[in-house]
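What follows are several structures.
Heads up, the next two complexes both have subunit A, just with different partners, subunit B and then subunit C.
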Partner chain A sequence: MSGATATPSLFPLQNGGDPVLLPEHITELTGLDQFGLAGELLATFVAAFIVGNFILAMTGVAGPWAKRKITASFTDRIAVNHLGPGGIGIIIADAVRLLAKENIIPENVDRPAYDLAPIVIAGSAMLGFAVIPMGSGIHLADPEVGLAFVFAVAGIASIGLVMAGYASGNKYSLLGGLRAVAQNVAYEIPLVVTGMSVVLFAGSLQMSTIVDAQQQTLFTIPGLEWAVPAWFALVNPFAFVLFLIANFAEVGRNPFDMPEAPAELIAGYQTEYSSVYFVLVYLGEFLHIFLGGAIIATIFLGGPAGPGPDELGILWFTLKIWGVFFLTQWLRSAVPRVRIDQLIEIGWKGLLVLSFANLGLTAAIVGVIA
Partner chain B sequence: MSTGTETEPEAELAEPGSETNEAALESLLGERAIARDDHLNAPGFVINPNDVQDVLSDLRDEAGYDHLSCVTAQQYEDRYESIYHMKKFADPTDEVSIVVPTTVDDPVSQSAEPVFRTADWHEREAYDLVGVEYEDHPDLRRILLPETWQGHPLSKDYDQEKPQLVTLTEHQNPIQPDHHDAESDTMFLNIGPHHPATHGVLHVKTVLDGETVADVEPDIGYLHRCEEQMCEQGTYRHQIMPYPDRWDYVSAGLLNEWAYARVIEDLADIEVPEYAQIIRTMGAELCRIASHMLALGTFALDVYGEFTATFMYTFRDREVIQDILEDLTGQRMMFNYFRVGGVAWDLPEPREEFFEQTREFLNELPAKVGEYNDLITGNEIFQTRCIDTGVLEPEVAKDYGCTGPVARGSGVDYDLRRDDPYGYYEQLDWDVITRDGADNYARVLCRMEEVEESAKIIEQCLDLLEDWPEDERDVQANVPRTLKPDAGTEIYRAVEGAKGELGIYIRSDGSDKPGRFKIRSPCFSNLQALEEMSEGEYIPDLIASLGSLDIVLGEVDR
Partner chain C sequence: MCMRFKLPNVTEMNDWIAIGALALVGVLIPLGMMAVSYLLRPSVPETSKRATYESGEIPTGDTRVRFNIQYYMVALLFLIFDIETVLLFPWAVVYLDAVESDAVSLLEILGPMVLFVTILLVGLAWAWRKGAVQWAQTPRQVETEHNRP
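Here is the complex of A and B:
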């Protein structure tokens, strides 16, 4: 890859064509490329900064407010409405409140694991967004193993959860951490295996290829001239539903919100966290919900695809993520949580078997078509 | 576990309270009855402290008195006394009181715990507050007061002026460091006193084996407010009535007030005007609906999680009732609406508006109940969580003295509104709901169906009230300014509260204040059964079982 050109590049996968990734755009726009590797590095940081802030603005700033409003409308309430239109000013008040609180660190916590856990939980989800194509040219990196990378970094969160649970020195935290790990192990496998069935269709782990594969027309509605795109959710709805269910377990939301089940474990692994640490843990959870939404949007809902010009891609992509977020809040208001043993049973005896069946079936179909 | 109900003894013993019944009891007890000490509600037999188990098991097995309703302890100048109030689940009007006197110097009496498991907590309370000691009791510790408390507050020689210091170091530290028992590989976990699912300040000491509950021990008393003693310091006529509102304080106020109203009206022989009884019946059933709504909502919180919509839905509907009750009584929670001999005032003017408002609520109720059935009981995940968890077999429920929806959910057909009628219930057309499931699901269904039955009762009350002739609307009987029942009169009376049998025992000492005022709280007895319901199940089931018991700590601790 680097052998063809004399200068080493940070974007080795793009072989001379038009710029695709955000860092490349930035390099070209700002003329940073004349500084060689250092310029590319700087451009990459700038790009990461932009993407990171965009994601944080959605999850950390808009998310909690939206969650309040969504839950309130399900539960027949009004929720925040005093500060600004629709109470949107509460975001500022919330931020000040949370950051200004005393950070209480109990005596017998196991440092530095206790301090690292919130960073691991939040950071692992942030990493995942690096390979997500968000449309409108916002795409940080596009490695060949994109999908595997997302699953891998999202899986790191389990370590953060068990760190938080164990290091807190609290029995509720410990139980919550153990539940989180049991749950993530049980549902990660169906999640990945179901994701693999998409890979079989697309023929690649690369995110951009997976998105491209969904741009074809599945069929045209006769008479209306509507081309229905070959989104994998439409091609293989069974896999879509499986993935959705496994994803709810993965992010720990109803009916699978075992790890923090407040009625049982107070707040599970986050019981002993306060102030900034709590914000990080909480943010991590939101990031994981949004990352789950981003993965679903990318591999099942055509990524940034939608009506209108390509420049609107980021809009469609954001809408799809919020759709998944909305669904989690809906389930939270409406569905009871299962018991931990029932959860494990559903995971190992139900979803795992179904996901392998789905994989086998997909492989057979793809084999026949190919 | 012996049953003895609904068998021959019923036939042998004639009508409750009749001469033949008492004669049969006398012959059953034989030599063991050393004297008679009749109460207003029941024949009373004095027995020796060593015969308690013997007599109680005979009464249960031979005569069918299978419900140890309450244990009252008190101190006289010359003796301590434990009274076992016994009833039949099949016929609660058939009562008998077993009086066990002990000397002041050595107040030791045999424990009834081996015969009735419900006696466990009742005797602990008697020991804690009065100071009677029970031999053979498996675990005779203080129950309401801290372990380090000095003296017994309801005994004669107790010095109320003496300050009591309860230091944290002396008091058993609830934050125990022994996480882990290496031998059995279990973990000790404190659930509460501050925990989202304990419905108040309840502390459940739990031993876990993984996620499985190996042992449960509820630790109560955090909300003990000396209600019994406060009532003993108030006059019968006016000063006691406000207190019952504070026992089961979540919207069951009128039901509690009725418990006191009933006992004092029986004690002082007061006839309540029919019109007032209808208002009472209507108000009480409104409270029951509000209380069951809250039970349903908080149970949903325990099973669904804290963001469930169901909780807010039940509160929305409860709010309508709160408004109606506010119009009726002038208060939202602490109603203080009943008076000795009637109620405080007539329905609010304009009456038409009140009727319209209440009828509107009743008309909308079926749709709301349907909504709950769609949202909650019809949900498959809810069913997998609730069916066959928290199982309370009917015999066990009886043994623990469980009453109310908890007992009826286990198929125990026991409802004082029908079995020991008071108020206007007898003249109305309604049914007692029982369920055979004996699990969490059955208890939820039982409460929801009771809501519909209560609506039926209210509907009929409204019809009656609307047509009542204007010049006959007496809301109060003629009650003397001061009530002084004869010294030594004793009575135990119960009503069907929101959670079950809410009973009051009063002994008058000739003054205008009770000599002894004892509250039999349904939650207190029901909560005892938690251990039986949740051992061997998972933590989430323990939480659900606790929710389905629908306890209010204000009533447990009094």
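Here is the complex of A and C:
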């Protein structure tokens, strides 16, 4: 790096002086840059806090309220409707109820691991959002290895699940944890390999580059003058479907919710968790659904892109990840659960082979077109 | 303002500082929730309450049960294929540039990777034939499977 600046800064604003990432926006807005590095570090922390709470708020709406309402509509019931409009007040009531429960810690648990697992499960999912461009300037960090980072961080959850399953000292928890890991590892490879077919198009792992690559016009609908954007879901629908299926297995949603199959394993790895620990494990699952949705939105659905000005980006982004969440709840009501033996076979014999076929085919097509 | 210490290349670091900040937030939020819960919740210790949950019955046997060998097989296979994906990533990143550069032919870019993936897929086919990706069943399970109407 040449041209030493007078004061060291975390954000040299090399892209024509415009702030791009959220920490830079906050530094500019609050004037924290007067305080040098300390101010910028504070701005970075504030930005991380905003991002963390934004996704926490979304899971807060999804877990106690939206999930019940969606399932109720599918099964022709009413669900929560007493507190507030449409029963939305249940979010606060449930938060208080769950946090005020007695935390019963069974006698056979392995103490440090048992306590750490909920933090690992919830924290790892939250960390994945660091590199996701959510539009309207809400983008915490944009490292060159973005996509690899988000897959790596999402993978940490497996460790948390094993910790929870093993440390609970309950055979059902143990089996639930093992199933969760067998499932995660079986579908991680199709997931990553299919994600790689997007990298072939974009030529980069950086999230902003992947989003930018999808802003070109794929084709224009004749007569209507509608420019259809080159979202990778439209460019390569086969990869999109593969990624969706692998993602549902990865986050342990129906039809792949084997690890906590209530009829077989009580509640799998979360059997022995109560009170705030249960909240955190449950929260972690929802964070993972939304992280999966965020990855899908970013690499297949154009990220925060949508009609209207750029400021609406966050709205479109939220809409897209809620679309994925809605799909998970739809499948929950509509599709029966697969058995553990079917799960392994679908993963290793079906999706893995198909994902490699997709990668080879995409590489050949990119090679011929370019 | 005079800074005594020198940070190594701050432009590349600020992304990771932000990620580190979110990691911190990701730990602090659960800890904060635990603290709130600690203030709110009652504590009524009873011995029977703390028994391991087994559908309300008295737990039988040891927790460390014997489980299906399949989990081990799947973990082994995963290790191989996960390392493969790590090796595929750099290739996928440079692929578009290499195709557009005209310096190398398509066969030179695609060929080695096709060969590499093929070798691994042959390995998968072998594991498939050996039954490593088939859920392991006890002889009795196989028997019931056959006798199923």
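Here is the rule we go by: the second predicted complex is superposed on the first by the 350 of 370 C-alpha atoms of A that agree within 3 Å, B and C clash if a C-alpha of one lies under 4 Å from a C-alpha of the other, contacts with A are read in each partner's own complex, and residues count from 1 in each chain.
One rule holds for everything that comes next: a contact is a pair of C-beta atoms (placed from the backbone, for glycine too) under 8 Å apart; a residue touches a chain by one contact, two chains touch by 3 or more.
Since this is a predicted model, take the numbers as computed values, not measurements.
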Partner chain(s) touched by A:Ile105 [first = subunit B, second = subunit C, both, neither]: second
Partner chain in contact with A:Thr75 - subunit B first, subunit C second, else both or neither: first
Touched partner set for A:Lys171, first subunit B, second subunit C, both or neither: both
Of subunit B and subunit C, the chain that contacts the larger number of subunit A residues: C
Contacts of A:Ile266 with subunit B and subunit C, given as first, second, both or neither: both
Partner chain(s) touched by A:Ala363 [first = subunit B, second = subunit C, both, neither]: second
Contacts of A:Val193 with subunit B and subunit C, given as first, second, both or neither: second
Touching partner for A:Asp341 - first (subunit B), second (subunit C), both, neither: both
First (subunit B), second (subunit C), both or neither touched by A:Trp226: neither
Where subunit A meets both subunit C and subunit B, residue numbers: 171-172, 175, 266, 340-341
Residues of subunit C defined as touching subunit A within the complex: 1, 3, 6-7, 9-11, 13-19, 21-27, 29-31, 33-34, 36-38, 40-44, 47, 49-55, 59, 61, 63-65, 67, 70-71, 74-75, 77-78, 81-82, 85, 88-89, 92-97, 99-100, 106, 109-110, 113-114, 117, 121, 124, 128, 133-135, 137
Subunit C partner contacts - residues on subunit A that touch it in the complex: 1, 7-12, 14, 21-23, 36-37, 41, 44-45, 47-49, 51-53, 56, 96, 99-108, 118-119, 122-124, 126-127, 129-131, 140-143, 148-149, 169-172, 174-175, 178, 181-182, 185-186, 188-189, 192-193, 196, 199-205, 266, 271-272, 275-276, 279-280, 340-341, 344-345, 348-349, 352-353, 356, 359-360, 363-364, 366-368, 370
Parts of subunit A lying in touch with subunit B, wherever the complex brings them together: 71, 74-77, 171-172, 175, 254-255, 257, 261-266, 329, 332-342
Contact footprint of subunit A on subunit B as seen in their complex: 179, 187, 189, 195-197, 211, 300-309, 311-313, 316, 375, 379, 381-382, 384-385, 538-541, 543
